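Heads up, the thing below is written out as structure tokens.
First chain written, first letter: the chains are A, B, C and D, and each begins at residue 1.
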């Protein structure tokens, strides 16, 4: 399985695909994309890496157990909803602020929510694929 | 106090998230109990608020109904959430001792919490598609809990459980689709308004049949109940107990909700059908139980039988009938869960669920025997326990509605229930232990430790006391259920709470 | 009165604990409670006899019409005195009978529950409360009959008694609820005022039938009588208390209590008289047949219960007088005899009358008490029983219907009962002295007290009948007849027909006693009861039900998943299909013109791939075809303006195919298991569902919807929710709550897969 | 086209259910997948097929340009697809484990939990 070409390719593909996935995530609010598709792409990146380098290696590159990603994702989504309580708004009320970094960037709790979705999807997909592949 | 509506969802979710992140068995146990206690506390608060201030609604995300998703709590929903919290807490405490380490290490606690979240979501949501989502949350968690441990029987049971429930989900989704196709809305209060305007109303009734089937499978009514007796006795007993307490009741709840709020245009046909199904469910379920010789299988079939009583009141569709249904749901949650928990203790002491190999427990565990008697006689509708009142009210409602057949069936089935309960009692408690004289059976179990038996018995004692107290203080309890039934019969208040004073 | 009833329940909770700690004190405490109740009720005889009625009411569940309202009138007072008085003696007796038994605390508790329930039953004015207490007596009776639960006969007898009386209980509940409907109240005192309305109500006949079933099961009337002799598995104090003196008379009480409301009609009178008379005869005959002393007594009790029943059915003044007197008399002598039987059993371990003899020398006091009670049973002067018999003959002679037949039947029964009295109260004590195997330390005083007191009372009242006539009997009769009655009882009335009949009875009875063995053989020969009797019916019913249950369960719960699916789909087609066809008619196929080639092609691909999957014989092939279906759906989504859906569909489809391939190589080859017929059947139902869904699609979208919701979303997604992609905005804002649930499902699925792959079975199933 | 697709939906339901009624567990899982495709497509049709733009607001506009497809069913289907994926992934692995543990792929041989 572990051909040289594949392993070399995936090593470079991983960051590229991850970048793509983040793009899909962040622009999902305006064009097709979003947390789910972004998450799947990111997971696919790691899955490919696992095919090339083995699951062990992929787990190492991921740094953390997929389960933790799921937990963090759910937590992010939950927090994005709970933030509204602070300003006495109902749960999951979208709150927006504009951040002017290099470019003007609108930041809101729905974006945060989508990040949560993204993390959960990555975690779930990898947890399933790793479990099945390791068997 | 709008946040009270959300807490029954957010507390289990947060607990599950923490469990996922720490993933340490011992910490999960602690958080598990704290989370359930929090759920119960918030549920009680919600019920108090609803009783004091009327139906509560909150628009999630701040989008006005019918555009966003609404959470609504009327008295019925609040009662159900309280019961879910109570049963969750009881089973959680029981699990501390009864659950094995392997399953604990593979997510038993977070799964249970997520299931509770799905259950409470189903009770509280005011949006039909959102109901589908919570159903799925509850279902997938129950799927995993069913197979968790991967015993042979568990896997076998799980396949049937999963398959048939997925059919139910597909039907549900189809039904939601039909409603959206017809009137283009998902908010249940809005749907109630819109569906009343649809001509011809026959299509509405067609859609109602889809809902009846989808929820009927979940509620395990005749002839859609097969998944339940095939699977409920396979997982560890605390899982069986929480399933028995909650899952089918969510189906019943959904039936009551849609057939009191949405589909009231053709009651002669729809509710007549429900009444007929109620009778058949009672009868086939109890006969199934009579045929069993295994403690838990017998109890599983009784779940089916008791569902019949719960939808009987809906079929009658009178305030008294619905109050009786709600009473029966609450009573049955207590009695049935307790019986499962007791069967678990028996199994722990004797190592089997087979009635023929059990015996001698009235001598060796007189306290447990009394608790069993209370729950079993309550299940059979014996006075003055909780089950008697729900039976009395349902029978009274049936007579008032002149539905004599269903009344007769209900009474005969309660006799057969008594029969099968005495079967357990005679075999398990009165009979001498067939293993006596031989090697002392697995009594060397950790059951002897005072600490662990306390965690096992405390929930059983508490539920037993509740069964008795509901029996003795039937009036205030019934008044609450009457109020709930009144709200169900007059959906205008519900609709107003959700949509505001819109035309 | 509430205290009188509730105290027993409360005390029953404390007794097991008390008994564990202060054993000797408990023995006395449990006697003290019924005894003080007895004193209390005795003091009330005066005001009640003077025409007073004591009542109290406490709300319980007024919304459903259930109240703890109690009324003490003559009838309930008679019962209350018997319950508390005999109760005190029975508790006393139990302390001796069960000396050193570890379960005594439990026994006291059950017995106290019973006593309290029985008191509640006779004092209740609210019929639902009455029902509750009625069921509680059944329950406590179950626990008491099965007290000796190590024996399987005791267990099955307990269950039999419970089931038979519960049949009655259910009938009672239904009957009382109908009665409440008809009379507009659950309070007896109220119902009494509505008697005319009730008698002309369309529920009248059902009410009467249901109430009679209840009374007949509880009071062991034919054909439900069989449970009572079997209930003799219970310890002697229980048989004494429940199965002769009190509980079995609950049915009689019910008939007496309701006869002012329901009585008088032909159906009431006729049925009760006939059933009572049959029971009376059968009971007497079967009593002769038996040799077990307790079963003999049980059958004679059945017989007397028959007597009481038919007397109440007659309903004349004389009959009611006789009934009330006889009820009292019977409670005294039969309780005494049961206690004696218990002593015999306790001391010798033998209950077979043919093996018992000469006990008088071993237990003289008991023998004396037995003899006096036996004489009362035989109806000899100067005992109370004699007065009863005179009243009985008076009643039958004056009966409004079939007086000669009834008199003859009573004569026959009474004669047989004289013989029975001889068999149980004389036989065991005379003749050759038995040698008792064990060391015999004499019968304790606690046990002899009961029989002596009861027999003594029988004698005392016989001599001075007006001790009770005015105070107790009159007011009871008055309550049953719902009009005041003043009754004088006398031992002798001079030379009357009744006296002659009594003499004849005694003569016949003595003859029967002397030829008892021949008689026993004769009765046994004609006995069809074991083969065809109701007891057989009971067991056949149970067996039949179990068989039916097994059959039904085997058919329904077959274990075949495809059959479950088939049934569910068939129901779906039936229910949904019938409505769809009825209200929507047959398909209206429109919109054929609006088709573009590539769209049609995509649709065709989906259908073709689906057919391939169905017919595929290789797993790989079907997985690939499944992928094709998914991708084609993605294309449909693109064509019809759903790029987000398409992206999701593509990614999910890829994941699914990968997953299937990953697990595929472990799965076996595609096998054909079902027969062609099964395939056709399944195909038919699957196609039917398919057609149904197509129809639903067309029906639901016959008018293109204008969703107000969707327009709102489109309108506001940018302006309010700051997002241009409406679908995404719905997912993360408008309906983010759904998405929260969705990712929760994903998380759980991942845990599930993880546990399935990593957690291997073979642990214990706990 | 709505009418054509209605038949496609019917075919998906029929094929899915037919496969689920087979005794092989592998066919069961394929059947489940088809059934879920069917119900997703059904939901899509309930929004009525609209050729034309996706429900996306173009730059410089404040709302999507009509005609655009009904966004709500799309969102619902997205949720349903994802849920369906989770459930199916679980079911696939469940079936594999069942086959491994029980040693058969014949559903009719799995009746020990129903029959006493």
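Following the convention adopted for this analysis, a residue touches a chain if its C-beta (ideal position, glycine included) is under 8 Å from a C-beta of that chain, and two chains touch if they have at least 3 such contacts.
Model, not experiment: these values are computed from the prediction.
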Chain occupying the most central position, where position means C-alpha average: B
Contact-richer chain pair (by C-beta pairs counted) among A-D and A-B: A-B
Chain A and chain D, separation of their C-alpha mean positions in angstrom: 25
Chain A and chain B: spacing of chain centres that average the CA atoms, whole Å: 37
Chain B and chain D, separation of their C-alpha mean positions in angstrom: 28
Chain A and chain C: spacing of chain centres that average the CA atoms, whole Å: 62
Multi-chain contact sites of chain A, meaning residues that touch two or more partners: 30-32, 36, 67, 70, 74, 78, 91-92, 94, 124, 128, 131-132
Residues of chain B engaged with two or more neighbouring chains: 13, 20, 60-61, 129, 133, 136, 140, 143-144, 147, 150, 152-153, 159-160, 163, 167, 174, 177-178, 180-181, 186, 226, 229-230, 291-292
Multi-partner residues of chain D (at least 2 other chains): 17, 20, 25, 28, 38, 42, 45-47, 54, 56-57, 72, 76, 78-79, 82-83, 86-87, 89-90, 93-95, 97, 101, 107, 110-114
Of chain D, residues touching chain C in the complex: 1-15, 17-30, 33-34, 37-38, 40-42, 44-59, 61-64, 68-72, 74-79, 81-83, 85-90, 92-97, 99-101, 105-108, 110-115
Chain C residues touching chain D - in the complex, by the definition given at the top: 554, 557-562, 565-566, 569, 589-592, 594-596, 599-600, 603, 606-607, 610-611, 613-614, 619, 622-623, 626, 629-630, 633, 636-637, 639-645, 648-649, 652, 655-656, 659-660, 663, 666-668, 670-671, 673-674, 682-683, 685-687, 689-694, 697-698, 700-701, 704-705, 707, 709-710, 713-715, 717-719, 724-727, 730-731, 734-735, 738-739, 741-742, 745-746, 748-750, 752-753, 756-757, 761
Chain A contact footprint on chain B (complex, rising order): 2-3, 6, 10, 13-14, 16-17, 20-21, 23, 58-62
List of chain C residues in touch with chain A within their complex: 643-644, 647-648, 651-652, 654-655, 658-659, 662-663, 721-725, 727-729, 731-733, 736-737, 739-740, 743-744, 746-747, 749-751, 753-754, 756-758
Touching residues (chain side chain A, partner chain D) in the complex: 30-32, 36, 124, 128, 131-132
